[in-house]
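The data blocks that follow each hold one structure.
Look at the two complexes coming up: chain A is in both, with chain B in one and chain C in the other.
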Partner chain A sequence: MTPSGIARRRFFVGAAGAGAALGLGGGGAAAQPARGAGGLPDYVAWKDAEDLIVHTPRTIEMKRSAFGSSGITPDTDLFVRNNLPPPDARILEDRDGWEVSVEGVRNPRRVALRELKAMGVESVAAVLQCSGNGRAFFDHKASGTQWRVGAAGNVMWSGVPLRAVAEAMGGVADGMRFITARGGEDIPQGIDPRTVMVERSVPIAAMDRALLAWELNDDPVPLAHGGPLRLVLPGFFGVNNVKYVKRLAFTAEESDAAIQRTGYRVRPVGQRGAPSQPSMWEMTVKSWVTQPLRETADGPVQILGVAFGGARPLRRVEVSTDGGSNWQEARLLGPDLGRYAWRPFALAAELSPGTHLVASRATDEEGNSQPEKMEPNERGYGHNGWRDHAVEITVR
Partner chain B sequence: KDAASGREVFTEAAAPACSICHALAAAGASGEIGPSLDALKPSADQVRRAVTEGPGNMPSYADSLSDAQIEAVAKFVAESAGG
Partner chain C sequence: MTPSGIARRRFFVGAAGAGAALGLGGGGAAAQPARGAGGLPDYVAWKDAEDLIVHTPRTIEMKRSAFGSSGITPDTDLFVRNNLPPPDARILEDRDGWEVSVEGVRNPRRVALRELKAMGVESVAAVLQCSGNGRAFFDHKASGTQWRVGAAGNVMWSGVPLRAVAEAMGGVADGMRFITARGGEDIPQGIDPRTVMVERSVPIAAMDRALLAWELNDDPVPLAHGGPLRLVLPGFFGVNNVKYVKRLAFTAEESDAAIQRTGYRVRPVGQRGAPSQPSMWEMTVKSWVTQPLRETADGPVQILGVAFGGARPLRRVEVSTDGGSNWQEARLLGPDLGRYAWRPFALAAELSPGTHLVASRATDEEGNSQPEKMEPNERGYGHNGWRDHAVEITVR
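So, the complex of A and B:
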């Protein structure tokens, strides 16, 4: 998938980035990560700057115009959202030596990546999407990155099934109800780690599809995407797919880290986050048009987009060229990559001169369709309303 | 006066202090956990919202800071970061 030239280029860029990161660590005043060509921070300097929007050094969105119709998002275009600064790139120097502490099993212990690779391997195509993707479409100005559609991608992961890891360690201990994963980022002195650390819990039922992944789109997982080892939970929002996973525990209770207790909780506008509110776990059905986006000549046009069912398989996607008055079922393109992947879609249309509001509306296997309007929530999570995702096209 | 007390909230009164995680030259802060406020240049309203809501892995200070303290730190950050 990746030409060897690009792989080599990435290696050299990565090596240069590691040196720059070392320089940064020493100087307290140098809080801004160095930026390379195209305005990209060093740790993602290998990405395609033309296809990306840099909101901050750790929140980088893919442009809507960059989505293609082949189904897989290249890692050079894949969005980045890190809640904490990524660890030093030196952790990639000995990928196989990366250790994760496995707890809440009958025989808990630390296990190295090289041993995980021998326990089993599976691959999965899955949509990776930030909880706040679409936040910019809400009117209530929720704080956080103003993502539109590009905090999402459809990628291939390879790794060991979590159930194989648990089996190798005697099975899950009695009474455990959650999978709890902690990232390997450094937490500064002077702060209770639970305040800012990335530790997320999901229901243990996700065990049937969870992977500890070391490959992304046929390459070792880059630092920006959680390499050397990332917990992958197909169908779950991005934040649960913990990067640089250092502790993987089966637990009776959810993590008491703030990011789990009060962060990523869905609540009405104006309310504080609390453990009683729904957590940003499984994704819902969603789609958006990717082409055309602004102007096109009159006559025949292929309206393109992507659609996915979230945690459930996709059943169909419809397209409207008149703002939702009339809908036509679109054709799903390419192979079905499984229930957690997205499908590009196409609808052949004839557009007359004038303006057209082009919308898409996906439906999952259980019959759930995207709503026209998404009810606002305090943090601007999970927007899948079709009207806000529609594009206005001018036909000459 | 507001700016002075806003700086105090930023570096001391807030727990954890804003300066542990954020860079802001006017406060002599070089935290690298959260985004640099010198680069982000947030408006007072954006600071107020972030401090109250707690976006991402940032804690909410709605229960630990008074409205006056939140107002002061919002003004201080917006004015000193030039947002």
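So, the complex of A and C:
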């Protein structure tokens, strides 16, 4: 797959290159992106183009064939999804000087990143997954990027626990029920900011796991992933993990920004979004096979994949090589990185010549298993049905 | 430190640039390396030059200021140390076709990587550390690269357990006491191969943790780190983790290559290496502070660092801000990645104006603590004395 470890980050191959030839790309690369040197947009030119599918300059997917068995997704492979163009890269010139307005506490004020770094520090491994990951598998042609499995990664974040920040400011004010965070993107002139701004609210119970993070995988958070400061909510879908966070408020009500009121709402096909519908908050149990993907030789093979419980710990993963008639429990690999992380898995199998539908099915600690079919919803969110995620393998 | 996440991998700064200006570089960059585009040798041009110190083209150190708190060292920051020039990058063109000769088993034969992948798979997090890490801190000017703390990283490997390979070949032959691995480097003509070849032996008891690994941090192993296939021996110093492994033998005796017979032997200053001296096999307990390093503001600060037990699990880390008169136990951050991994740590402190000698001291599960002073040895191996690793901090 990768011809040379030396070459892989120096000579980029775009989505129309060797990767797409493997047939593993998404179906909806409608917009031809503005490309930086090497086939990737400038702000992500440091990523590994061979492992990525560029849908648009702001929606970049990791190839299914690029997931490994080591547990942590390198930031060079991590998917990108920005609702708005990212801010100018100059915001990273003085990371420690970045300020966030903390509101809804007894002593609200602006606080600089250098001060947050002195308040406390914790590290967490967590799955980062776009709400629309798996959208391409729905039959009803939901609008939006046609992500397959690669709008997800398992990464490590370091930052200050949000609880420590609230305590340093006198504690949360009375009556507050939500954590509301606003991103630092520029809002175009002449538009009602609420129609486009990235401001999301989640229940305040998430405070016990929330970080204001300045580090991704042991490096300062890159611009593409929300640097210099990102709200990290382990167990919650990606959109809630607000990038370049410049306002962090404890609020009595959810944000009235469109992205919260009507966006990221789960509803039947054909309906419009509304605040009464479930919001894309906590993730559910999910898994997918990563190797083999299309063909393999006759004989013994290790079937590999990744599995996670979403907001709950993972209990087990099963694998079927006959389209779901029979299941065997897979082995979990490597260290347990915690309840919000994913776990690589392996099942040793013998495949005879012919075609096999290879599926995986994960179960969380509460006994929730991936469904065989996922009910469609208007925007194609949260697909975790095991049959659509299965792969057809041809054995020679 | 890093002006821009976009820029950091695109516009390289060499060791003589901004990083060296921080005063964090090693003391012995005698040879001016042949540089690829951007200040790094070609075979590691994909690494993050801002986070590295190039001692020579084959000895590249991670800056102390580049270590984060997330636990896993990205391969873009991982140190490089090659005893011989790496093989031609074309060996990566057909990774699955790479063959290793397995000997000292009942049914010895050559086996291809694609076959190893079907035999089994496991993942492990492990500290990779050069035997000479910390050499610069010895007073006796030991010859060799003057590594400070950055010839070490904590990474994740995936590969087949060596035990599974041996079992697939009928089991280890009778009387074998060592695992002996030879690297795939080209040996110059006209030289007795035993004087330069990289062939190392370790006690066969290491088999229960050894992997033949094809993946580093979720990506195929880069050439600089031993791809396509590396012997990984968690808990052992780096040199034993043979790169581009082409011969894997269970042997009755240690290798007679110079690198085993006389190299990597611990002996008093002034003595020559000999097989009777201890070999640089298992690592010992160690830690170092990573933040702050030179200056910090008056008031609260988080003192950060990394700690590991070597071949034994880590029990605790203590931090002193007064040069060792008083110690406080630090908090360990993030998930426990297993007994061979390191763990980031943090201690919340208040530092008054003036200078402070900030030290860390780790203790393993058997109660072994880092010594205050490390006894010198001829080649400057295995330095884990806490006083030399301490940092003097000026508080404004």
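By our rule, the second predicted complex is superposed on the first by the 360 of 396 C-alpha atoms of A that agree within 3 Å, B and C clash if a C-alpha of one lies under 4 Å from a C-alpha of the other, contacts with A are read in each partner's own complex, and residues count from 1 in each chain.
Operating definition for what follows: a contact is a pair of C-beta atoms (placed from the backbone, for glycine too) under 8 Å apart; a residue touches a chain by one contact, two chains touch by 3 or more.
Because the structure is predicted, anything quoted here is derived from the model rather than measured.
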| said: With both complexes overlaid on chain A, does A:196 touch chain B (first), chain C (second), both or neither? | reply: first
| Touching A:180 in the superposition: chain B (first), chain C (second), both, neither? | neither
| task | Using the touch definition from the top, say if A:262 reaches chain B (first), chain C (second), both or neither. | result | first
| message | In the overlaid three-chain picture, which partner chain does A:333 touch, first (chain B) or second (chain C), both, or neither? | response | second
| query | Which partner does A:73 reach: the first (chain B), the second (chain C), both, or neither? | reply | second
| query | Does chain B (first) or chain C (second) touch A:85, or do both, or does neither? | reply | first
| said: According to the stated criteria, A:379 is in contact with first (chain B), second (chain C), both, or neither; which is it? | reply: first
| task | In the overlay, work out which of chain B or chain C sits against more residues of chain A. | result | C
| message | Based on the A-chain superposition described above, do chain B and chain C contact any of the same residues on chain A, and if so which? | response | none
| remark: In the complex, the residues of chain B that touch chain A are 16-17, 20-21, 23, 30-33, 35-36, 38-40, 45-46, 49-50, 53-60, 62-63
| Along chain A, where are the residues that touch chain B in the complex? | 28-32, 56-58, 83-85, 141-144, 187-188, 190-192, 195-198, 258-259, 262-263, 272-273, 378-379
| task | Would you mind writing out the residues of chain C in touch with chain A in their complex? | result | 1-10, 42-43, 45-46, 48, 51, 67-77, 89-90, 92-93, 95, 114, 117-125, 156-158, 215-225, 227, 297, 299-302, 304, 333-338, 341, 344, 346, 348
